[in-house]
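Each of the next two complexes has chain A plus one more chain, namely chain B in the first and chain C in the second.
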Partner chain A sequence: MSDMQSQDYVRRSASTMTPPSARNVEDQVAKLIDVSRCIGCKACQAACMEWNNLRPEIGHFEGSYENPNDLGPSVWTLMKFNEYENEQGNLEWLIRKDGCMHCEDPGCLKACPAPGAIVQYANGIVDFISDKCIGCGYCVKGCPFNIPRISKTDHKSYKCTLCSDRVTVGLEPACVKACPTGAIMFGAKTDMQHQAAERIVDLKARGFAHAGLYDPPEVQGTHVMYVLHHADKPSLYSGLPDKPHISTLVQAWKGLYKPLAVAAVALAAIGAFFHWITIGPNETTEEDEAEARREMRETEEEQAP
Partner chain B sequence: MTNTWQDIKNANVVIVMGGNAAEAHPCGFKWVIEAKIENGAKLVVVDPRFTRTASVADYYAPIRPGTDIAFLSGVMHYLLTNDKIQHSYVKNYTNASLLVKDEFTFTDGLFSGFNDQTHSYDKGSWDYEIGDDGFAKADDTWQNPRCVINLLKQHVSRYTPEMVSRICGTPQDKFLHICELIAGTSAPDRAMTSLFALGWTQHTVGAQNIRAMAMVQLLLGNIGVAGGGMNALRGHSNIQGLTDIGLLSNQMPGYLNLPTDKETSFDEYMKTRQFKPLRPGQTSYYQNTKKMTVSLMKALFGDAATVDNHWGYDLLPKLDIPLYDIIKAFEMMNNGQMTGYICQGFNPLQAFPDRGKIRAGLSKLKFLVTMDPLDTETSRFWQDFGPQNPARSREIQTEVFQLPTTCFAEENGSLVNSARWLQWHWKAADAPGIAKSDLWIMSGLFQRLRALYQKEGGAFPDALMGMTWKYTDPWEPDPEELAKEMNGKFLADVTDPVTQVTSKAGTLLDGFGQLHDDGSTASGCWIFAGCFTEKGNQMARRDATDPREQGIAPNWAWAWPANRRILYNRASADPEGKAWNPKKPVVEWNGSKWVGIDVPDYVVTQKPSANDGPFIMTVEGQGRLFARNLMAEGPFPEHYEPMESPVVNVLHPKVGPNPVARVFDHDRSNFGKPGDFPYVATTYRLTEHFHYWTKHALINAILQPEEFIEIGEALAKEKGIDQGGWVKVSSKRGEVVCKAYVTKRIKPLMVDGKATHVIGCPIHWGFTGQARKGYGANTLTPSVGDANTQTPEFKAFLVNVEKTSAPVG
Partner chain C sequence: MTRPANTITRYTTVNRINHWINAGLFILLLVSGLSMFHPILFWLSGLFGGGQWARAAHPWLGICLMVSWVGMIIQFWRENLPNRDDVAWSKAITHVVRNDDGHVPPIGRNNPGQKLVFWSMTFLIPVLLFSGLLAWEVYFGKATSIEVQRVAILVHSLCAFAAVLVFVVHVYAAIWISGSVRSMTQGYVTPGWAWHHHRKWFRELIAHRKQP
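Right after this comes the complex of A and B.
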């Protein structure tokens, strides 16, 4: 997405300075997906494609109703279907709309080395700012939900924006508007939690003893939440993580290594400075220059369609 | 629908059987979710497959395709033996008490009067005992064994839970649990709604499937009440309108019947349509049929319809056979008896059974005209698209005229939805390219044909010449003009004998109550009278105010008949006129008239003490548990096997399939045997697509790109079929090569002790459009229809399945 709401930032990737959040007066928002009333119709997928003007290729049938077969740079949301036989031997067809969870503590943002390529707004939405993305793929590693996908065309990372462009002008996300059964709701996070609580009472009355809200504390909660009939086993829903966690490598990068790395970089810079002062600038040979030009040419040819 | 989409939210139990509402009607399905959330309703699904509807159901049970009557007769048996019927309703509002002729019998699968030469019935015995007073005899104590209720008890007594399970393959415990849920709605203040669609109609016993559930609903007292009813979910946008204006070969607008050639005069025609009440004091509204018919004739023929020429009766075509349905039409094409075909908004190469026969029929035509917004398979039948359409173009002489038309968003007009609402819509965009409206095309055709007859003469041009055509632009009438024509108007100054108000000639009618049989009114479709009045276009109304928040917004669009939202709503109140369910009243007697949130389906000032039945359209005034002579197969539904069935009919082995189904010789030789085709197949739709249209749209093609079948894990294992691997599905009529979805959602059913496998065939792929090419499920399906309607049996037939490799070409 483009950067239209810089005044609403509360977090910004690869930045040591806290954003000013000059307009930080917004409610935290959330999308609530009630899987118990989702019929898997894919209206949300169609609406997402329409609003964001995404057109992945026409794929193949690959043994399930999941089409396209995976999230992608042009597939920001995807209905996932799991045929589950419960303890009573009865079939349940657990259908879940997959996509970015908009974590309160976003692993992607933590992992991102490109300043300002991933931001979080005051309302909680985590957004990718494409023109600052360097396509390194660290966000993919950083995401506990395996959501971002790197485009082979422009080498940038893409995922659901929670329709930040619609939300900022007071509209609901496109998928919410399109959902025919009201399974996808949107509003203040606290309101959504209340909605969920009501649904959970109903589900429990219908025999789902473990019905509950998926708002995982491991990432300090999410701005996309699920009402699950089996909240004790989120992984039944096509691999929704039981306990999502940001990779320890990314945690370490942000926590322990980053200051060390910054120090190392700084030391290297100081070293280089003294090298320049004491010994003078590095000279390159003609062979080095030729080698560099050849590599550049090869890279360009690779990228050509 | 007897009720409305919104009204579903008032149900206590929603049963989806013979349909897949979540999958095929996702937008309307919101009201089922609403019923669950706001009304604590239980959703029950009975289906051969675990569908998207089943995924949100409270209870699911499987059933073998084509055995719904056995299941529902079992439900009736359960209700009657466990005394779970709504007694007062059944006694007062159904024909349970009426006595049936002694000659009426049922033996070994056949009702009295069967003629095994003609495969039809002499229905003389299928009627009530008539007393000297001309009325049907009744025994309100139900002591007489010839009471309808006792005959029904006897008829369904064979459908024990054991027998239901043996026929349907539904486990007994699941069947009984569903019976219990259904029976709970026999309480006067509880209701069940039945949502169904093609899963019931597309059988050789389709109409009887629906009757069986209608009878269950009558026994439970669930017709006419909020949250109840028989709710047919219509598929095509405006298929409801199509039937309303009689676009069937044997119908005229407003469900009036086209005459047969035995009815040689108007008086003869009217003789069987007088509908004298069969019980004292009944309304029997069809006694007004002459007013409806004469007003229709005036709308069709204007000044050419006079009292002297019997309102132009001779100008109407007369049927020599019961109907010229599409199966019949393609039989005639194949026999060289039909050589030209105007195919308007229809894609039979995808949509009608035995694709090979359809292709062969089209290949024998002299000309084919297609009118469609899309590049349909039918209009390309002659082109070689490889194995998916192996046409030999050089051998086909059919001249094809492909006329691109506008679609609904490119024109003004009205659509009738499942709830009988006529909703006006406005043009949103210009049509692309040279696309023209159907009105423009049909008017041009009419004008040119009439000019040719004028110039050259010809056999019997009278009807074409006599047709009235008074439109502002005779080459493209305005949709509003047509709507007014269907509504109807006064042709002369008429003074109402009661109110003494005089309506001037030319004034639009307020409703069908103003129709006359003396030529002073015209109405193109009597049930639409009231849709476009002097107050304006009622269909364009958009006031969503719902006074009781009970799903009735009387000022949103307009519903036929008379803006009534729930049919038979007098039955929502007890005989004294008080609502059965005081929390959800529809209409009640206030001491001087019937009032409520809906337009009463009753004479508004008729006192409850008059004993005028709530079913004012029937001659008894009652709902019919016994259908008299109105159905082809019999007055009670009976389980007959599908035309292609894996088992013998355990109830009566000598009478397997529907004994009165019409089968053409060539088609009969194309039915397969279980030895060669051991698996039961059924066809259906997926949410991602709308019939054969949306495969032309990129996003839909992305969401469900490629043809596949669904097969259970057990059979896949037995046949070595891999998940997503290629399979060949074959029937006696053809084969489809596509991918396999190996699923837990289809399980083998134990039918009469044998494991029966079901294969599911989604229908959406063809060889035009954006999605990947497919063979089309109708390659496999048998060319035979329901004995009453000739709706093809797409839902139960036999196939074989084998592992194979991808098709070449």
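Right after this comes the complex of A and C.
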């Protein structure tokens, strides 16, 4: 997205200073996707393309309702379909709207090396400021949900913005507006949690004993949440991670190691400088030259027939 | 090139050209790489015309560096093979760093410090190449799993850090030992320099010198 709000940042990638954050009393928002009410019509997918002016290349039919086959630089949300045979031997068609989860603790932002290319607003939305993106793909490595996609034409990273441009002016995201069954809801995160809780009671009463809310604490919760009938097995839903977390490899790479490494290089250079001014250069003296001449003469004499 | 009488050739023209191509590439890699390493160094990307340029140029420069380093290996591997003298010299390292050369045993053409720099780079540059290729989003972003890429970028980052430390040691050693820089720019050293710093090499040279 473009940089519409710039005074309500709570996080800013590759920044060591406090980002501009005066406008910080906003409510935390969330999108709630009730998987149990989704009919897989893809109205949300179309609305996303429409609002954001995205036109992915027409692909090929790959034997699945999933179309296109994967998220992409211009596919920010994608309906994923899984045919699941439950314990009773009945077929369940598990359909999930995939896209950025807007993590409270975003791995993409932690990994990004470009100052301000990824920001998080006070309302919790994680946004890519594409203008500042350098196309390195670190966000791909940082994301626990395999979301960002780098364009091969402009080398910028793209993903769902949670319609930050619409939300800024008090509108709901385009997908929410388009959903014909009301499976996608949007509002304050606490409201969405209440809404989900009511729905889960309902689902449990209808025999889905493991119904629950997907708001994974490993990433301190997300600003896109799912109501799942099988909340005990999120991976049934086309590989939704059971325990999404920022990879320990990424944490090692982006943790304390970085400042320590910079300090170590600086210390090495400073150490060298102080070696120079205390012990000083190791010069070749006139005596060395004389010694060398003497040895050369002696060798010559020895070798003389 | 004019040079005083009686000087000794330490690096041939080919040696020097290869070395400085290598140095140039390494510095460009270091600057572009460090710009992505830590936010306080991001400004370095400005030297490349911006972050996108630094990111795009870096892997290509890396491939060139690998080619250049193969040239360095071919030219210098033999004189960097370890030998018995290295042990005694290394034991005297505290005398070495204090310029107390009277207590440092004589050494051949290269000392263990120089050998360490050579072999560290000979290990690090291929690892940087391989890990760098795996982390190269534009061409290899889909070639391996994201988990493999996470390992690759971490390995790359650690090896780059090690390479930068080796580089700092190398550059300072060249400045510290007066006459070294000239040996790599103009190619020669004085007999006194060779006698002082690489006495065994000096003696070998004069023993096999052709009689005038």
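Going forward, the second predicted complex is superposed on the first by the 262 of 305 C-alpha atoms of A that agree within 3 Å, B and C clash if a C-alpha of one lies under 4 Å from a C-alpha of the other, contacts with A are read in each partner's own complex, and residues count from 1 in each chain.
By definition in this document, contacts are C-beta pairs under 8 Å (C-beta built on N, C-alpha and C of every residue); 3 or more make two chains touch, one makes a residue touch a chain.
Since we're looking at a predicted model, the values are computed, not measured.
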| item | value |
| --- | --- |
| First (chain B), second (chain C), both or neither touched by A:249 | second |
| Touched chain A residues, chain B compared with chain C | C |
| Touching partner for A:274 - first (chain B), second (chain C), both, neither | neither |
| Partner chain(s) touched by A:136 [first = chain B, second = chain C, both, neither] | second |
| Touching partner for A:16 - first (chain B), second (chain C), both, neither | second |
| Overlapping contact positions on chain A, where the chain C interface meets the chain B interface | none |
| Residues on chain A engaged by chain C in the complex (per definition of touch) | 14-16, 113-115, 132, 134-138, 140-141, 146, 150, 152, 155, 247, 249-250, 252-253, 257-259, 261-262, 264-265, 268-269, 272, 275-276, 279-293, 295-296, 299-300, 303 |
| Contacting residues of chain B [partner chain A, same complex] | 22-23, 26-27, 29-30, 33, 36-37, 40, 50, 52-56, 58, 60, 686-688, 698-708, 723-724, 738-745, 770-772 |
| Touch list for chain A against partner chain B, complex | 36-43, 45-46, 49-50, 55-65, 67-68, 83, 85, 90-95, 180-183, 199, 202, 205-206 |
| In the complex with chain A, residue positions of chain C that touch it | 35-42, 45, 50-52, 54-56, 97-99, 101, 135, 137-138, 141, 146-147, 149-151, 153-154, 157-158, 161, 164-165, 168-169, 172, 175-179, 190-197, 202-203, 206-207, 209, 211 |
